[in-house]
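Two complexes follow with chain A in common, the first pairing it with chain B and the second with chain C.
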Partner chain A sequence: METWLEGIVALILVFGGAFLLIGSIGLVRLPDIYTRLHGPTKATTLGIASLLLVSAVVSSVLQGTISVHELLITLFLLITAPVSANMIAKTAMHHDLPAWKRTQGQELIEPASRQAAPDDHQEERDTKLP
Partner chain B sequence: MLNDLIWIPLLPLLGTLVPLFASRFSRSACAFLTAGLPALALVLVLQLAPQVFEGETVRQSFGWIPQMGLELAFRLDGLALLFTLLILGIGLLVVLYARYYLSEKDSMGKFYAYLILFMFAMLGVVMSDNLIQLWMFWELTSISSFLLISFWGHKTEARKGARMALTITGAGGLALLAGVLLIGNVVGSYSLHDVLASGDLIREHAAYPVILVLVLLGAFTKSAQFPFHFWLPHAMAAPTPVSAYLHSATMVKAGIFLMARMYPVLSGTELWFLIVSMTGLATLLLGAYVALFKHDLKGLLAYSTVSHLGLITLLLGMGTELAAVAALFHIINHATFKASLFMAAGIIDHESGSRDMRQLNGLWKYMPYTATLAMVAAAAMAGVPLLNGFLSKEMFFAETLHQDSLGSLSWMVPVFATLGGVFSVAYSLRFIHDVFFNGEPINLPKTPHEPPRYMRVPVEILVALCLLVGVLPTFVIGDLLYTASAATLQGAVPEYSLAIWHGFNFPLLMSFIALAGGIAVYVNRKELFQFQAQFPENDPKLVFEAIIQMIHKQITRFMELAENGSLQRYSYMMLSLAMVMMAKPLLDLNATAGHRPQIPVDAISITGAVLLAIGALATVIWNRQRMVALVALSVVGLIVSLMFAKFSAPDLALTQLAVEVVTVILLMLALFFLPQTTPKESSPKRVARDLGIAAVIGGVIGTISYAMMTRPLESISTFFLENSKTGGGGTNVVNVILVDFRGFDTLGEITVLGIAALGIFKLIARMRLYMPASDGDGRPWSKDSHPLMLSVVSQSLLPLALLVSAYIFLRGHNMPGGGFIAGLITSVAIIQQYIAHGVDWIKARMKLDYQLMIGSGITIAALTGLGSWFFDRPFLTSWFDHFHLPLVGEFELASAMLFDLGVYLTVVGATMLILANLGKLTTSERPVLKEHD
Partner chain C sequence: MLSWAINFTAAMICIALILNLWRMVQGPSIQDRILALDTMCINSIALIILYGINMGTGLYFEAALLIAMMGFVSTSALCKYLLRGDLIE
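The block that comes next holds the complex of A and B.
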């Protein structure tokens, strides 16, 4: 492998590793669930994506064919991570988990106790096809 | 080809399907078509008859499981010929009769199908040349009899009577099986040919008494011998054609047939004489006596049947060759007159609406023709001269006189026989006089009249036979009786004469005493009825019910003890048992560690093991917080799949991963229905016990694993590794094993999977479960059940996921993957849609019939297997070749892929059938937590 390529690969590896580390520290250190979510979903996803990119480049060069598995995994990761984060945040709000006191716009969080009961017929109307 | 013996039972077997299709036509057409195949079978029998009359035994056999001595073997000798003629001949008459007997409401097709099924079973019994096969058909007669007795299933007595008959004859069948197995053990073959030739061997064997008792138990229960006679009267709840066919002419004769069949093998000993003749005598007297007091027409005939069966049994028990001939003669005679009497009783019931002899009086005026027929048949039953019953009864009386096995008490046998004859005459007389004369009918629901013309034809034929045999015995029946006797005795037939007139002798005197005594008893019946009324009615049905209830209660108590629904208890019992069973081999093991060099430990394995332990511990510690426990459990699953991947089992790793996902979803769905908070129910003592067991079992399993893994393992894996590419055309050995080497296993497994899924589907269909309106903390479920982001992204992921699954499927033969894993991935992709959108949304957009999927999956797999037959290869031989296409390049096609497609479809269908339906339960009528402030 060319030296310059090795250099780039190493750089990206360090870059990805740093993001993974920062994401993990964030998961441990941040004060509430809403802020903690940023660690694994944003920083770590980026970190893993970098590692996968490196893997794709290295194996393509070494094997002489383009390796697309890693790109596919990255794609899946990038699609699913935000959705998981969204679901976790929604659940946390539903469970009335307290937000850090410096969180802005707290009044927008609508706790479950104040929600109206689910409307049975709403769903039926939604699902009925024209 | 039709000369083959197997067609005789096979035609009726095919014939069972005919009425089911023919029932859409008119009733006459249905009856006509139904009769077709049995009639053809009768022609075949008649075609073979001359050969049999010449003393030949026609035999034919096919290998079934030759390694176990099982074969499909048929024989037609004199005895079988006699019975096949009875079964087919009377069967055809009954088909004709039933066409008029059944009402519009009854399902004619079903009735005929059961009837012909019985005919097939009965033919199988009498024609079997293999004892195991005989037993199988024997049980089939019990089952078809059960179906026929319970034909009018809306009536309690029909259901109870059917159950009783099945219980008694079924229990007897089990005894017979034990006897047959013992015989096979002694003789070394189940072939009747060999067994019949080894009579001395069996009689001298130490197990002879056991064999005898077991076989006789089978015969006595089937032929309603005392003390098992009580099921027969209760079987009269069946439609009358069934009573005429099964419970007088054929099925109850199966026990007699068995005794006649085994006659050369089992008879001739003191024990045989004692058991068989005493049982027969008791049955003869009891049946004849009780018959006299029955007010129900069919009840009288039923007890009379019991009595006549006793008579035949007594004859067989006497052990003399002449007595056996008489027994066979009486089998024919009884079948003809009793079947016609039952049919006549059915006509009376049908045209007058009652079977009670206290209501039925003076029917002579209304149906003189039927009355004449019934009277002739009843006279034959009573043993009036010039009718067939007289002849065999004469022979019977003559035989009782030559009996000296009871020593100085031998004079009692002819006396009791005459007494039986007296009662027999008395109840026959009652049948004639009470029904057709004796004043006017009382409160009949209908005005009686003659039946339709053709309903009488079967009765006419049978009564004509009674007369013909009675007047010209040698001419009509001589040959048949002679060959049947030869086949029964398996040797020389003694001299006997079928003449009507033997001069003035003792048997004739006994006949006259019976006739005169019978008339005397009947004339004085009022006194006798009063005498009998003093005794409390001892209903065997109640006794039987009480016994059944008692057994049921005991079983229930035991079941409650063993199966109380506590999972802790089940695991406790199972693990304790496992511990006990493992103790011995483990104690015998000298050293735990084997000689195999150990693999060096690395950091990854250590980390994995620690995480595994932590996951397991966390599951236990947080078992009351279900979601936490579930997550901890999935950690265990994940580590296991990583371990598989590390130790070069990528297929297993993939499977484990996919199964893990499906399992977690399934558990979440199931947990939803359980109480939202887990109660603390184990006492400290129990916790201590469970901890102890868990620790010991864990230790033991650990020890075993260690012992196993440190020992070199010799297995067949090298064979698979070497032959996978050459034999199965794939480099992925796991997949080749699944679809090729052990494809038959896989076929069985996916079938089980499909059945299990259908079973679960059936169980949870229409199930109404308690659905909590809130979670454990009283929080209502979220209003937003299908969040927008999740729905949209899931939808866009579906094609990608399906692509992955297709990729995994296609590469399966050569690289990790295959139908099973692909199926699971597809399932997960579809489940994702269900979760994101809800069942109703999916149902409107994805028309997937999961049952059809399972069915087609198994069918494709099975057809792939069958396909190899077209190339003269054994089932499931695989085929593969390499092809070249432009653009695509070189690729391989294998028949195993088609098989794998079957696996794929079944897995998807089964998984989705379970999950989608369980998921549907949560959405139907979800309760709403009432708003409160």
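The block that comes next holds the complex of A and C.
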């Protein structure tokens, strides 16, 4: 592998590892569950995406052909990380977990946790309304 | 240079895994534990990918993909159980 390519790859690798570490520090340090969701969903996803980019580049160089199947994991994680974060946040609101005292808009948590999920007949009822 | 970067990144990911384990043991609510478990999944994928880069093989790709899928399925199953008290309605 050429020296310049190795330098770029090493830089992206350390960048991704630093973002993984920052996400986990955020998981430990932040005050409540709603803020703690930010660290793993954003920073960790960026970190793993750069690590998989490095893996794709390294295996492409070593094999001599372009290999992009590592980007499959990146795509999968980019799709599933927001979904799982949304589900965890919904569960936390369902269980009425207290938010941090400096969180803004706390009066919206209570009505939102009592809100029913939209069902299949919602649109029909909306269109029947005058 | 790349081997140094791999060692450094592996050290950072191991520290991140220990922090996640602390949150999973400590976590005041069950949602914190689920979140820490999900993050541990992602960090272990990173460690496996890093080992694959170090060895220069693509053999560990399937393991990483499997762990990613299992992590998402287990997270959503646990959240579903906490929301509804039932997995398959």
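To be clear about the criterion, the second predicted complex is superposed on the first by the 110 of 130 C-alpha atoms of A that agree within 3 Å, B and C clash if a C-alpha of one lies under 4 Å from a C-alpha of the other, contacts with A are read in each partner's own complex, and residues count from 1 in each chain.
Rule of thumb we're sticking to: a residue touches a chain if its C-beta (ideal position, glycine included) is under 8 Å from a C-beta of that chain, and two chains touch if they have at least 3 such contacts.
Treat the numbers as computed from the prediction; the structure is a model and nothing was measured.
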Which of chain B and chain C A:L52 touches, first, second, both or neither: second
Which of chain B and chain C A:F76 touches, first, second, both or neither: both
Touching partner for A:A92 - first (chain B), second (chain C), both, neither: second
Partner chain(s) touched by A:T44 [first = chain B, second = chain C, both, neither]: second
Superposition-derived comparison: chain B or chain C, residues of chain A touched: C
Contact residues of chain A, present in both the chain B and the chain C interface: 76, 80, 83, 87, 90-91, 94-95
Chain A contact footprint on chain B (complex, rising order): 779-785, 787, 789-790, 793-794, 796-797, 800, 838, 840-841, 844, 926, 928-931
Touching residues (chain side chain A, partner chain B) in the complex: 75-76, 79-80, 82-83, 86-87, 90-91, 94-96, 112-113, 115-120, 123-124, 126-127, 129
Of all residues in chain C, those that touch chain A in their complex: 1-2, 4-6, 8-10, 12-13, 15-17, 19-20, 22-23, 29-32, 34-36, 38-39, 42-43, 45-46, 49-50, 52-53, 56, 58, 61, 64-65, 68-69, 72, 75-76, 79-80, 82-83
Chain C partner contacts - residues on chain A that touch it in the complex: 1, 3, 6-7, 9-11, 13-14, 16-18, 20-21, 23-25, 27-28, 33, 36-37, 39-40, 44-45, 47-48, 51-52, 54-55, 58-59, 62-63, 67, 69-70, 72-73, 76-77, 80-81, 83-84, 87-88, 90-92, 94-95, 97
